[in-house]
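Here chain A shows up in two complexes: once beside chain B, once beside chain C.
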Partner chain A sequence: MNAHRLLLAKPWIWSFAATASVWIITVLFTGGASSLGLSQAALTFAAFSVIVGIGQMFVITLGPGNIDLSVPATMTLSGTLALKLMDVQDSMILVGLVLSILLGAIIGLGNYALIKLLKIPPIIATLSMSFIVQSTAIWTNRGLRIKPPETLASFTTSSLFGIPNVALVALILSAVAWLLLEKTIYGRWISAIGQSTFAARMAGVPVDGTRLVTYMLCAVLASVGGYLLASFSGGAALNMGAEYLLMSIAVVVIGGTAVAGGNSNIPGIWGASLFMFLVVSMLNTYGFGAGFRLILTGLIIIAVILVAGGRRSTR
Partner chain B sequence: MKISSGAVRLVIPAASLAVLLAAVFYMQPRAMSYTGLNLLFNLAVPIALATVAQMLIMAVNDLDLSMGTFVSFCACVTATFLQASPATGILIFLGAIAAYAAIGVIIYVRELPAIVVTLGMSFVWGGLAVLILPSPGGAAPGWARWLMTSKPPFVPMAIVASVVIALATHFLIMRSSFGVLIRGVGGNVRSVERAGWSIVKVRAAAYALAGLFAMLSGIALVGLTTSADANIALRYTLLSIAGVILGGGEFVGGKVSPIGAVIGALTLALAGSFLSFMRISPDWQIGAQGAILIVVLAMRLFLNRLEKREKSR
Partner chain C sequence: MIIRKMLFASVATVCITASFSAMADTAGKKIALSNNYAGNSWRQAMLTSWDKITKDAVAKGVVAAADPFTTAENQATEQAAQIQNLILQGYDAIVVNAASPTALNGAIKEACDAGITVVSFDGIVTEPCAWRIAVDFKAMGESQIEYLTKKLPKGGNLLEIRGLAGVSVDDEIHAGIQAGVQKNPQFKIVGSVNGDWAQDVAQRAVAGILPSLPEIAAVVTQGGDGYGAAQAFAAAKRPTPTIVMGNREDELVWWKQQKDKNSYETMSVSIAPGVSTLAFWVAQQILDGKEVKKDLVVPFLRIDQDNLEANLAKTQKGGVANVEYSLEDAQKVISAAK
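Let's look at the complex of A and B:
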């Protein structure tokens, strides 16, 4: 009974259990030969999902209807612009990072300005914004593929004590996000807004300021994610953010953050990100075609949400 | 003069469509003809059908993120099975509609977030579409091709079809008791339940109906393009949501407008043509579409405020 309650109290355990089982199945199939390589690859690719997932989680925590669809476009534009500015020079690495953070902040500000001033639902506001951002990326990219600076490229692709550097970056960002969420007044505020915006406003929570900061935070994380991804993959591509639209939402929800808002969960994002990557690589190892792989990925997402979900919503 | 709130809801979408159309005519007077109108609105028919489907889902307070992949899947089935062996094709479609109904029930019974379940389903439909048509191809069934390219006198097919879709769904959603139930579930689940209706059945029906309209969208699309591929309609997910909102629908509360949704879809389709007439560089086409969306929504806010001010006087 106690264990049962623990499971309910910590919904992220589900995503880790699922991750572990998929990992074991895959490693068993390959006879244990790939366990190290698989784990490293999983950590690397999960790191990108984690970085954008954390931002999306903050936004989703704000309550029903809050979602940021501009994540993929932001990643693309940030990767494109940063690489263009750095122009393969090692000395410009920090400048590029600052640029991508600034860019994220501007896009987040734009997102919230649309939501607030035009009173349109976040899903439409961020969608319209993403169209504009994507166009800007197309315009600046011009089909050129600029390489990242040498040092940055080797940093993102190498590892420290066997743990990929990008995973370490994601880990640090998660730790900061966790502190922000659990230990600061800001974290309490976004949970309060997610549970009841009206009550939060009555209690004196600066609702608009908090929401603005949250949308900016999400865009900045997406931007930094794009910066790292472009450096990791040796150049920015116009569709590089595409898969992270669904991924960023999926990892948040599978990780156990309440979609109705007011309840968030950082460890779960790690579990879910690793899980999503491992599922795809498991299906690859078994030699499934693209069609079957997509179908199974979808069914697994639904199965996980069926098992882990079904908690009585607070609404 | 008393105007119903439903009619007011329609004023803004209709006005934006009219303004956009006037702008297109001004820039390209030759568009003001039978062929011109048909070309402008041709691709709007499948978008309108998908928008109506999305509207049904939004009427019960859910959101369908799998709309684009599902329409693609339906297009693939149309171009292969429905064309080669109609019986198998119809069976597949019945199965798909049943799946939609089942999703609607599961989401309610297990209290799952619709966004995530339909997100998962989007992978499933996408995978099925890839399995059916690994590379672009197939052929349109003769009757679908005939229907979409037929030339009724005076008014182009695209306009006729849009009007038919708008009126049919208007009567279904706004005038029938079934429509009231669907919107009631979106407005207040509990009161519908207390009145003795089965929420499960209503939701299953709403989802099945959405599946049906999405299927028609896929068929109409193949009728126009004569072939299909697994990614043919991916952008319909976002287009359909934007169409419903442009047409005056809301995300929650069962406030939807079928006529508005069709107008919203036409507006979105027209925006594309408008931009190419403006000779905007292809780089900025998507961005300008976003900007148009923002402008229309800003207009809606402005008119809503005006309306409120009138009322408070």
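Let's look at the complex of A and C:
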């Protein structure tokens, strides 16, 4: 009974359970020899999903209809502009980071301006914003790849005590996000808005301010994610963010955050991000073809959501 | 003969601004480029090449206009609507890089019925009334294995990085690689991932499968994924295998560094984005009344150990190795098909 209640209170356990089983199955293929390499690779690539996933989670927590589809375009523009500005000089690393944060803030502001002032639903507003942002990225550099500064490139690709640096960055960001969500009034506000915007407004929660900050936060995290990804993979590419549209939403949902809003979950994002990477690795390792692999990935995701979501609904 | 006529016509139209179009048969013709996607460096280079060559052609009065149009979403329905618009706007020829080999056939047929010349390239269409400038992708795949049989006579394990699942180009290159492996059983494909022709996706996919793979002798690729694979091998601290590259500047730079450091050897193969300019000249030749076979084949651009430096010097920083085609090149391709 107690164990049951524990499971209900911590829906993220399911994503970790799924991750662990996929990890074991993959490692079994080589009789355990691949465990260290696979774990490091998983942590590295999960980190990017975690960073953009946290932003998306904040937005989704705001309640039904709230979503940010401009995440991939924001990542691309941030990576492109920051790398162009830094122009392989080590001294410009911080300037590049500041630029990408500013850029995220502006895009988030633009997103919310469209939603609030023009009364466009978030899904349409952020999608149109993403066209503008993506076109700006194309226009600024025509798809030419500029290398990241040497120090930044080696920082993003190396590790500390066996843990990849990007995973450490994601961990710090997650901790900050957790504090924001659990220990500050802002965190209470977004949960309140997600549960009932009307009630929150009646209770005196500054609804518009909170939503604005949330959209900005999401865009800033996407922007920083793009900055790190571009530095990690040796340059920005125009289609580098494409994978992270579905990824950012999937890790939130699999991680146990309520899609209807009002309830978010940071540990779950880690479980889900690791899971998303490992599932593809597992199916690749066992040599499934692309078509079968996509079907299986879809089925596994549905299964995890059903198991995690089904238990919660009995609450 | 034709060249001289063309030159004369060009000079005439530039010098005498009066209507002199009787000399150059295509001076009054308008050509449009219908492009389905612009979101990667290859497509950007393709559009830049188009711009460069056609602006020059328009300035010299070879054709009246050569306008590029790109759809926002990579979707066949949107491109079909775009082609219908181009028909209404009265273009004489439409050069198309298609989102789908079959889904545009209706719109293409409408264009043909309206008397418009349609030339498809790279992403070709199956509608019989259109011309096709295709790359022999299967041969491109096979040429990789052929190269490897010379480089690694003893054979070994291969890792295959495929492109975007469900796209015909991916299937064709893969079929070529498989045919090559069947002919040379000393090679064995021990792993296969989808890199979506993008460095970061390839890097991610290779990093995921690498820990469970035995020693890899070579990596066969489809272009745009070689550098990502190299990064993943380095991150896993594994010896660098022979990675076939795909003509991107960062791949060539990496190859050059390895070559200087430990005389690393490989080859690089891809289609030049400038194939759009070949399609432009073919369309111009058809409008000029030349007899042109419906199916033309364009050679792929291959870079080897000895011409690496020369090609690298010609490639724009951060871009793709490219060749822009001239009218003479187009005439050569046309006569080769006969």
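Note that the second predicted complex is superposed on the first by the 310 of 315 C-alpha atoms of A that agree within 3 Å, B and C clash if a C-alpha of one lies under 4 Å from a C-alpha of the other, contacts with A are read in each partner's own complex, and residues count from 1 in each chain.
In this section, a residue touches a chain if its C-beta (ideal position, glycine included) is under 8 Å from a C-beta of that chain, and two chains touch if they have at least 3 such contacts.
On a predicted model such as this, the values are computed, not experimentally measured, just so you know.
Q: For the combined arrangement obtained by superposing on chain A, do chain B and chain C clash, or do they fit?
A: Here chain B and chain C cannot both sit on chain A without a clash.
Q: Quick one: is A:172 in contact with chain B, with chain C, with both, or with neither? Answer first, second, both or neither.
A: neither
Q: For A:98, decide between first (touching chain B), second (touching chain C), both and neither.
A: After superposing on A, A:98 lies clear of both chain B and chain C.
Q: Kindly classify A:146 by the partners it touches after superposition: chain B alone (first), chain C alone (second), both, or neither?
A: In the superposition, A:146 touches chain C alone.
Q: Once the structures are superposed on A, label A:160 by its partner contacts, choosing first (chain B), second (chain C), both or neither.
A: In the superposed model, A:160 contacts neither chain B nor chain C.
Q: Looking at A:237, would you say it contacts chain B, chain C, both, or neither? Reply first, second, both or neither.
A: A:237 sits against chain C, while chain B stays out of touch.
Q: For A:285, using the defined touch cut-off, is the partner it touches chain B, chain C, both, or neither? Pick first, second, both or neither.
A: So A:285 only meets chain C here.
Q: Touching A:88, do we find chain B (first), chain C (second), both, or neither?
A: It touches nothing on chain B or chain C.
Q: In the superposed arrangement, which partner chain does A:307 touch: chain B (first), chain C (second), both, or neither?
A: neither
Q: Per the contact definition in the header, classify A:138: touching chain B only (first), chain C only (second), both, or neither.
A: both
Q: Can you tell which stretch of chain B bumps into chain C once we superpose, 223-231, 241-249, 259-267 or 295-303?
A: 223-231
Q: Would you please give the residues of chain A that touch chain B in one complex and also touch chain C in the other complex?
A: Residues 131, 134, 138, 290-291, 294, which sit in both footprints.
Q: Looking at the complex, which residues from chain A come into contact with chain C?
A: These residues of chain A touch chain C: 26-27, 29-30, 33-38, 41-42, 44-45, 131, 134, 138, 141-147, 157, 229, 232-235, 237-240, 242-243, 277-278, 280-281, 284-285, 287, 290-291, 294.
Q: For a test of understanding, state which residues of chain B touch chain A in their complex under the given definition.
A: Result: residues 63, 65, 106, 110-113, 115-117, 119-131, 134, 238, 241-242, 245, 251-252, 281, 283-291, 293-294, 297-298, 301 of chain B touch chain A.
Q: For chain C, which residues count as touching chain A in their complex?
A: Interface residues on the chain C side: 38-45, 48, 72, 162, 165-166, 191-194, 196, 198-201, 203-205, 207-212, 227-228, 231, 235-236, 248-250, 316-319.
Q: Please name which positions on chain A make contact with chain B in the complex.
A: Its residues touching chain B are 64-65, 67, 69, 114, 118-121, 123-124, 127-136, 138-139, 246, 249-250, 253-254, 259-260, 289-302, 305-306, 309-313.
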